[in-house]
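Labels run A, B, C and D following the written order; every chain starts at residue 1.
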Amino acid sequence: MNTLTLEDVKKILDITADTVLENEKHFCDLDAVTGDGDFGMTLAKGFKVIKAELEDSDSEDVGGLMKAIGMTMLETCGGATGSLWGTGFRAMGKSARGKQEIALSDLHEMATSFIGGMQKVGGAELGDKTLLDALIPASETMAKDAGNGLDIAAAMKNACDAAAEGAEKTKEMKARKGRATYLGERSIGHPDAGAEAISILFKAVNDKFFC
Amino acid sequence: MKKIINTPETVVDDMCSGFVRAHKDYVSLNEKYRVIYRKEINTKKVNLISGGGSGHEPSHAGFVGRGMLDGAVCGDVFASPSVMQIYNAITKLESDKGVLLVIKNYSGDVMNFDGAADMAEEDDDIKVEKVYVNDDVAVTDSLYTVGRRGVAGTVFVHKIAGAMAETGAELSEVKAVAEKVIANVRTMGFALTSCTVPAKGEPTFDIEDGDMEYGVGIHGEPGVSRDKTVSAAELAGRTVKRILEDMPIERGSDVAVLLNGLGGTPVQELYILYNEVADILENASINIYFNLVGNYMTSLDMAGASVSILKLDGQLKQLLTAEADTPALKI
Amino acid sequence: MKKIINTPETVVDDMCSGFVRAHKDYVSLNEKYRVIYRKEINTKKVNLISGGGSGHEPSHAGFVGRGMLDGAVCGDVFASPSVMQIYNAITKLESDKGVLLVIKNYSGDVMNFDGAADMAEEDDDIKVEKVYVNDDVAVTDSLYTVGRRGVAGTVFVHKIAGAMAETGAELSEVKAVAEKVIANVRTMGFALTSCTVPAKGEPTFDIEDGDMEYGVGIHGEPGVSRDKTVSAAELAGRTVKRILEDMPIERGSDVAVLLNGLGGTPVQELYILYNEVADILENASINIYFNLVGNYMTSLDMAGASVSILKLDGQLKQLLTAEADTPALKI
Amino acid sequence: MNTLTLEDVKKILDITADTVLENEKHFCDLDAVTGDGDFGMTLAKGFKVIKAELEDSDSEDVGGLMKAIGMTMLETCGGATGSLWGTGFRAMGKSARGKQEIALSDLHEMATSFIGGMQKVGGAELGDKTLLDALIPASETMAKDAGNGLDIAAAMKNACDAAAEGAEKTKEMKARKGRATYLGERSIGHPDAGAEAISILFKAVNDKFFC
């Protein structure tokens, strides 16, 4: 498989939505350890609407679809998540504007935009103990694999591993962004909820779509 | 969980509806975006918008009215409202003089209010300014990078910036005075019990009978230490000391004090604590020019309190005591 | 016990001291007799005195001010003040027009206020009249012989009789309107948790997590039944029904509603309950002309609420909305 | 012993005060069952002051002493107790006005006044489950014993038994006065705190002064 169609992207998003909904409580529990325990709820609130909208979406390209999802998140989700993910999706919308097919290089560009959007609003860097610590490594393997001409499924497997590894590493980090910072030293020893979620979502998409 | 609610999912909608019914002479509600507006919108003055997660009642909707806020945006319990909720409030309260957002300094609030402000400026050419309240001395800057939390001191910002806006001042002037308040207000709080978020149904943290969480946040975030409970006098002493260490106040100065209940504390205890705070300040020759004692910035059903001290100059005194007519504060 | 106090023995004195410091523009304190007086005593109007056990803050001292009470006598927690405390208040507030005592109908209060009134009349020739508030529909008359308890409806008596006194009316007129309020107000309350009296240090009653004490008294007295907790809608339905069974209200009538928190209930929940009460009354074509939502007659730290409904006529409407300027209520 | 002197009366009051103070918690506990649990506290508050005042009392007769105690109770004690006992003591003051010595018949007259004062303010009758259910029987035996010419100590022993019996009977009664009335039927089965207290005070005075 070397490109994804608009339909493929929708299917991937649908798997993502299902995974979010299944993990609502788990994501909340993760956030409860270092944050305020609402991450799963907030994310689920958005993805419930997104799942419904995917069914009768009239977006004609991947960019339009991403932008619509971004708006939905900005509208539906509060908290850090609404702003971060909403802006991230909107940034992906811009980078995939007009595209009907997505190659691995496009996918990497979208990931870069997603990260960039999140950084624009949240200002986090690698190592701040946020979801970026799972996202950035995943995005970087995609860049490498695109350069090496891997196909999307193989690259996705690598991204999946990179995300898992990145999420695992957040355990040792001290939070410098988000609510977990109020814990100071006490945030060390627990993984970041957002990073864990990213890893779980990558794995679900990989298992259910690419395998 | 012991709560007078219908379902955890409907808490905020039911509360907004009840609030607007109770205060229909003051406010009206946009149900979809959960924005509570002043009944009569004045497009010739700077309009003030605040908001944040719900669960801090009467903040912020209780302060919507003449001389304070023009709009309050209600998020889910303890979760910032979304960008679109805030954006809706801004466009509705668009004014010739511009709009000032009063934001409590939490990542979620900051991101969503910032995002909404950008949108209103870019898409609608609305003049928007923002201030970030960060009065909580429990968390010191060295510990982290996102800055201090915004807590009860926010009420003073609403009062003073709101009074300034009412005079017909320009956006820059209203913002400047709001920032003056922020620079001069400090708050320290503590909890005797945890709050219980309705959706969770269980206390956010466990706490033994003889213990308190000193420096707790208004969402039940951990404080600086888990201590043994002490007498009101000692509690007041420790709390005022921490504030004065962070913001020294000269003898002979005038201050405003907000003795704020966190939701589950009886009024009786707030006055007992106020008595001790007043004693300490008197002994330090600091004059309490103005005070508020009551539930102003709560944390659901948490038992506990916070003490806010605001250093006053002539301008702040005048604006603080200017008329205000809102559901939760009348001067 | 989780309380912000110094010692159980000093709770009332510390509270009185804090209260008077916080509201020194409104009131002054007789420390020995624990009487809180209006700052400026007017000897040309009927003066209103209320009081009772402490622990019901802001009742009653919070209502001392223009348009409501002239004095409040503070007993120990949940214990009526003594005859001499009350006698001292009466002699201090002696007026050409006489003094009206607003007494909640509890044996202790009745005996002590009556005794003090007799003493002031006999020894000092002061004109004293008394009214007994008995609005609690939880306890029905058939059960006992001392009559119903006086609870949150008392606040309406303070407001309306206080406004009447302010007009310069005669003692008989002020008493008559107070009695009209008493005849037309009913209250029903419930507790989700017990209060804890400081001197005792333990909850007054035990209650399971899923239970509520329906019809509880404001001192933690047992109610009509121990029930499972229900939704806010059902709670409101049951409560309004009980009130209307006792005091039928015709469609099209105007009423005032007091949605009162018992001390430990978050403001959020009071608005949620108010929303349901308003729904029910609206559906019965009963018009809420005036409302109060908040902590007015508390029971220390008890979680729970009461609903009071007052039937209004033209006179009551006018007096209810007349200006009032007190620490706890400003109209 | 056929009369009591002013000094005797003071001694009896001192024993009463000590007994109240010793039983503060017990009286509270009794009141907690059917009332609001403050009876011991309120009574102790008054008798603490009375005990101190007894030491440097300048009353020249039993009536003056009783009146002073009544005023102290009206000043110091709130609750039902302050008014009931304060008025009761003041009524005794009137009945013993000018008396330096107290015969059994005087004692009975004083008891009658005490009861009358309490009834004036409280309006309770025999059988309402109040302290009167201990006091009235005690007072009645005194009347009989005075008629039969018994000496005070013997009469006191009988009064003591009558009070105990009366207090015991309150268990079966349904409260019709005081806070216990809010309990309705549920007040049955528990003795009245006030009646129990009267019985305990009679016993203490009997044991420590008359035996």
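Methods note: a residue touches a chain if its C-beta (ideal position, glycine included) is under 8 Å from a C-beta of that chain, and two chains touch if they have at least 3 such contacts.
What you see is a predicted model, and the numbers here were worked out from it, not measured in a lab.
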Chains contacting each of chain A and chain C, listed by label: B
Most widely separated chain from chain D, with each centre as the mean of CA atoms: A
Chain C and chain D, separation of their C-alpha mean positions in angstrom: 33
Approximate Å spacing (C-alpha centroids) for the pair chain B, chain C: 29
For chain A paired with chain D, centre-to-centre distance based on mean C-alpha positions, whole Å: 80
Where chain A touches two or more other chains at once, by residue number: none
Shared interface positions of chain B, touching two or more other chains: none
Overall pattern in which the protein chains touch one another (line/ring/star/complete/other): line
Interchain pairs in contact, sorted by label: A-B, B-C, C-D
Interfacial residue positions of chain C with respect to chain B in the complex: 1-7, 11, 14-15, 17-19, 21-22, 54-55, 57-58, 62, 192-193, 209, 212, 229, 231-233, 235, 259, 263-276, 278, 291, 293, 295, 298, 300-301, 303, 305, 330
Chain C partner contacts - residues on chain D that touch it in the complex: 28, 32, 36-38, 41-42, 71, 74-84, 86-87, 121-122, 175-179, 181-184, 186
Residues of chain C that touch chain D when the two form their complex: 53, 75-76, 78-85, 106-108, 111-112, 114-115, 139, 143-146, 149, 197, 199-200, 204, 217, 219-222
